[in-house]
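The structures come next, written out as structure tokens.
Common to both upcoming complexes is chain A, partnered first by chain B, then by chain C.
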Partner chain A sequence: MREAVQDLRLDSRLRMVDTPRAAAVLLVAGDLDPIDLDALARVHDSIPHPRATVLWQSSAAMSWQSEPSSVVVTAIDPVPQIRAAFRDLLGDRRPSESAVGGGSGLVEWRDVGPYGQGGMGMTGGTPYGRPMAGLGTDRDGLRLDVLPVRLGPFFPRLPVGLSLDISLAGDVLTEVHVEIPALPSPIGPRSIFARALSRPVPIADLESARARDHLRWTSDALLAQGMPALALVALRAAREVQPGDGARVRALAARVRRSGVFRWSLPRQPRLDGATIQGMGLGPVSRAAGLVEDVRLEDDGYLALGFQVQTIDAPGVGGWWQMRLDEAARSLDLAARAGGQMTTLLGRVEGPRGRIEAGDTPTQRALTLLPDVLDGLEWGDAMAVLVGLDLDLAEAPGSASRCTVAA
Partner chain B sequence: MVSLVPLAIAFSVFVLAIGAVLVLWWLGDPERDRSRLPVDPTPFAGGHAPQVHAWNRYHARYYPMALVFLAFDMEMVFMYPWAVVFVSEGLTAMIEMGMFIVVLLLGILYAWREHAFEWT
Partner chain C sequence: MSLVASILIASVAVAGVMVAGAYLVAVMDRWTARLVAGGGVDAGRAMAAPARDAAFLLTRHRTSTERPDARAWALAPALLAGLAALALTLVPIAPDTVIADPATGFVVFSAAIAFVMIAVFLHGWAPDSTLPLIGAYRFGAQALSFQIPFLLAVLATTLPAGSLSIVRIAEAQEPLWNVVRQPLGLPIYLVVGLAVSYWGPLDLPDGRDLAGGTSAEDAGIARLLWSGARAAMLVAIAAMGATVFLGGWYGPVLPGPVWVALKTLLLLAVIVLAGNLFARVRIGSFVIVCWTLLIPLSLLNIFVSGAILL
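Up next, the complex of A and B:
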């Protein structure tokens, strides 16, 4: 479903936006953790009137009570219904949806005096019933306000379902807690990487899927860096590449390099060096730190094709970008010469994000690193690192309850 | 006596133009009635309600910015007298100012390397 929603960006009939304030129609795609329904209701209620909701192959359809009722879509293409809902809203043929109970607890400004003056707070009062931020020591040794912010589970740059509790001193993250959600399915059942755990699969298919996954990530990462046009080029490539299209990916990588994103946008300080992540099997992140960690080296099918691991010594966001683009091209080259060769190793597979085993995925391991790796970063750099790690919660194993990691 | 007719015509055109803009704006906004319905005004953070008010004091680090600004703003003070004698002194003045600008440029590159232009 993640890919299907991503592909909607290529559809010129609609425009996807990063904030509910700029939206008219809320598209709820796929299954939701029931615990996130309150947050979804809050997103819904943040959309200005007139508004409508389209539930696309979504489990939320059972418990979503809006007035009027939302549009439920089970078709493969939701765009006609989204457009129809929007047209009906503008033409007054469909009333705007009322709030579904996701209020932010907005209350009146309160404290002493008719205008809230006096008492606590920057200018007095308790603004809109919320306390003021508490004091903390910033990186310059000053005692200034530290703003606690809870991001997610539907924050645009975070994987859906992930919540981060962060403390901000200015735009510097001074404290990070990660809430790891429980998801019903350990790994997308339709993923070829999930199938490769239990039975041999064609290496050509596996490598093509890896290349497409890296290109989809590239598209997301370019969007996060404010390059939507190049992001569409990468997304189009992700949909169209075939085995042997390595040259096309290399041309895209050259365009990304020429865009100046490595020099001007990405944080340059090293993150997650080899000593920190040794043995964690984080795929391109590990190999960008110079670690020769790749499950494919244990697979006789790959060895028969002369597969070799390429590493670079560039731990950090730029290195992760470079590694994924390089690996996407090499995967397509490998897929072209794989012929009908099948994998032979069962029980573990090298996924796009690293080593996958039953009940143990790279996203799960990467999430434990988040608090330390984000601590002390400025906001923009922290977002670049988050996007760079390529977290996919659909890959994280389900558990009975949520757990938290903090630093 | 000065005729007020041209002024009246200009004023009428101005009023008509403002009126046309307002009417077209009203007609062109299909949400004109409903956009006034109340919406949740809290910041969007992905679905969670804010825990504290967004007002907060943080260290904006104006000092390096201010120092860099002062250093490079003062160069203009030297350029005014230079401009007065430039025509009479000719190429010599040009070369001297070029050397001065190069020194300043090196200062900018140094400040850049030291991250002095970053906001926080």
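Up next, the complex of A and C:
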């Protein structure tokens, strides 16, 4: 479903926006963790009137009381019904949806306190459950107010479902708590990487899927760095590349380099060096730190093709970008010469984000690193790190309840 | 002609240039984005798209946040548009055709650019929301860094003219345009001009990493007005750049106003294309480049220009 939503960006009949204030139609794709439905309701209620909701292969409507009811789409292509709902809104043939209670979690503050400000005092305390800015620790000779903020679970630069509780001093993250959501399946059941855990699969297919995954990440990352046009080039490549198309990916990588992203856009300081993440099997992130960690080295099928791991010594966001672009091209080259060669290793597989085993995925391991790796970063750098890690919550293991990680 | 009629005509002319210019910026942006993305360009569709977007935004109801500063929120786009209008009134399109030619035109223009920071900060502050507020503070750091090199780059153009009047600066380029006389000036002006209008790689206050930043809470007509004011400021920057670096109305065959329009379009095209080709700059990197590279370069530009005149 994540890929299907991503592909909608290529459809010129609609435009996807970063904030609900700029939207007219809310598209809810797939099922959601029930705990996120209140946050989804707040997104819904933030959309200006007239508004409509389209539920695409989703049962999220079960908990909503909107009038009129949302448009339910089961078709593969939701665009015709999104456009129809939009046209009906503009033509007054469909009334705007009422609020669904997105503000019900907020605590009333007006007229409370001696000045109607909602609590006692100007800073400190948590009047009526809502934290206020307070003085933070002295990090660089300047004590700033610290503002607690929750980011997610629908922030456009984070994977859906991921929530961060952060403390901001200016635009610097001073404290980070990560809420790891519970999800029902270890990895997407239709993923070839999931299948490779239990049975041999063609290496050509596996490597093509890896290249496409890296290109989809590249598209998201380019969008986050303010290059929507180039992001479409990467997304189109992700849909179209075939084994042997390594040159096409290298041409894209050259365009990415010419955009200046490595020179002036990504944070320079090293993050997640080899000593910190040794043994964690974080795929391109590990290999960018010079670690020779790749499950494919244990697979006789790959060894028969002469597969070798390539690493670089660039343990930072720029290195992660470079590694993924290089690996996408090399995967397509490898797929072209793989012929009918099958994988032989079962029980573990090298996914696009690293080592996958039953109940143990790279995203799960990477999430535990977030509090330390984000601490002290400026907002833009923190977003670059989050995007650079390529978190995919569909890879995270299912569990009975959410857990949190903090530093 | 009475004073009232003159003011009315001037107001209509400036408003017309701002609206037409903002529309053109939107068209060029879509066009270049499609070219970069590798899609074909349907000229008719590209021309109509901004009108459709504007009509869509006009159908949207206004929204608010829990505790906004409503007056500041409404004032911000008006202030930004007013500053763009002020800058445009100083741009001559022919030797005797300019709305305002104060002897201190450079100072007036500098003041308008300085107040852009106030407009953007107000826009981020007013919604009382996290992401717009971060955008506002970011622009504070950005503006404090770009003001000096921007103004020094323009200040150098007053030396050959021996005057702070924008018309005199344009007239002084009859034998040689400033882009040749001061080769560092225009590149510095364009780089910092991107920052003033927070466009493309220097769209830091409204960046995608902030989900729209200072604009994240704007809906409907408020969104339309803010984006229009921003595009108008871009037009003002390009028009002033065409005047003080590219010889203003000077050029062969065609009438002066046509040359001003063409040169303004050229600079707009460069800026808009840069917005679609280059990645967003880190705020830390931009601040460092401004203070350690652009200010020394713009000072060098002034010293060399002064030495040549001596």
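Here, the second predicted complex is superposed on the first by the 377 of 407 C-alpha atoms of A that agree within 3 Å, B and C clash if a C-alpha of one lies under 4 Å from a C-alpha of the other, contacts with A are read in each partner's own complex, and residues count from 1 in each chain.
Methods note: contacts are C-beta pairs under 8 Å (C-beta built on N, C-alpha and C of every residue); 3 or more make two chains touch, one makes a residue touch a chain.
Computed from a predicted model, the values in this text were never measured in an experiment.
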Touched partner set for A:A251, first chain B, second chain C, both or neither: neither
Partner chain in contact with A:M342 - chain B first, chain C second, else both or neither: neither
Touched partner set for A:I312, first chain B, second chain C, both or neither: neither
Contacts of A:S46 with chain B and chain C, given as first, second, both or neither: both
Contacts of A:I35 with chain B and chain C, given as first, second, both or neither: neither
Touched partner set for A:F154, first chain B, second chain C, both or neither: first
Touching partner for A:T19 - first (chain B), second (chain C), both, neither: both
Touched partner set for A:L90, first chain B, second chain C, both or neither: both
Partner chain(s) touched by A:A169 [first = chain B, second = chain C, both, neither]: first
Where chain A meets both chain C and chain B, residue numbers: 19, 21, 46, 48-50, 90, 106, 147, 149, 155-156, 170-171, 378
Chain B partner contacts - residues on chain A that touch it in the complex: 19-21, 36, 38-40, 42-43, 45-50, 90-91, 96, 99, 102-106, 121-122, 126-128, 130-134, 138, 140, 142, 144-156, 158, 163, 169-172, 378
Of all residues in chain B, those that touch chain A in their complex: 30-31, 34-35, 37, 39-42, 44-61, 119-120
Residues of chain A touching chain C in the complex: 12, 18-19, 21-22, 24, 46, 48-50, 90, 106, 147, 149, 155-157, 168, 170-171, 222-230, 232-233, 236, 258-261, 264-267, 378-381, 383-384
Of chain C, residues touching chain A in the complex: 32-34, 36-39, 56, 59-63, 66, 130, 134, 137-138, 200-201, 203-204, 207-212, 215-220, 223, 276-286, 289
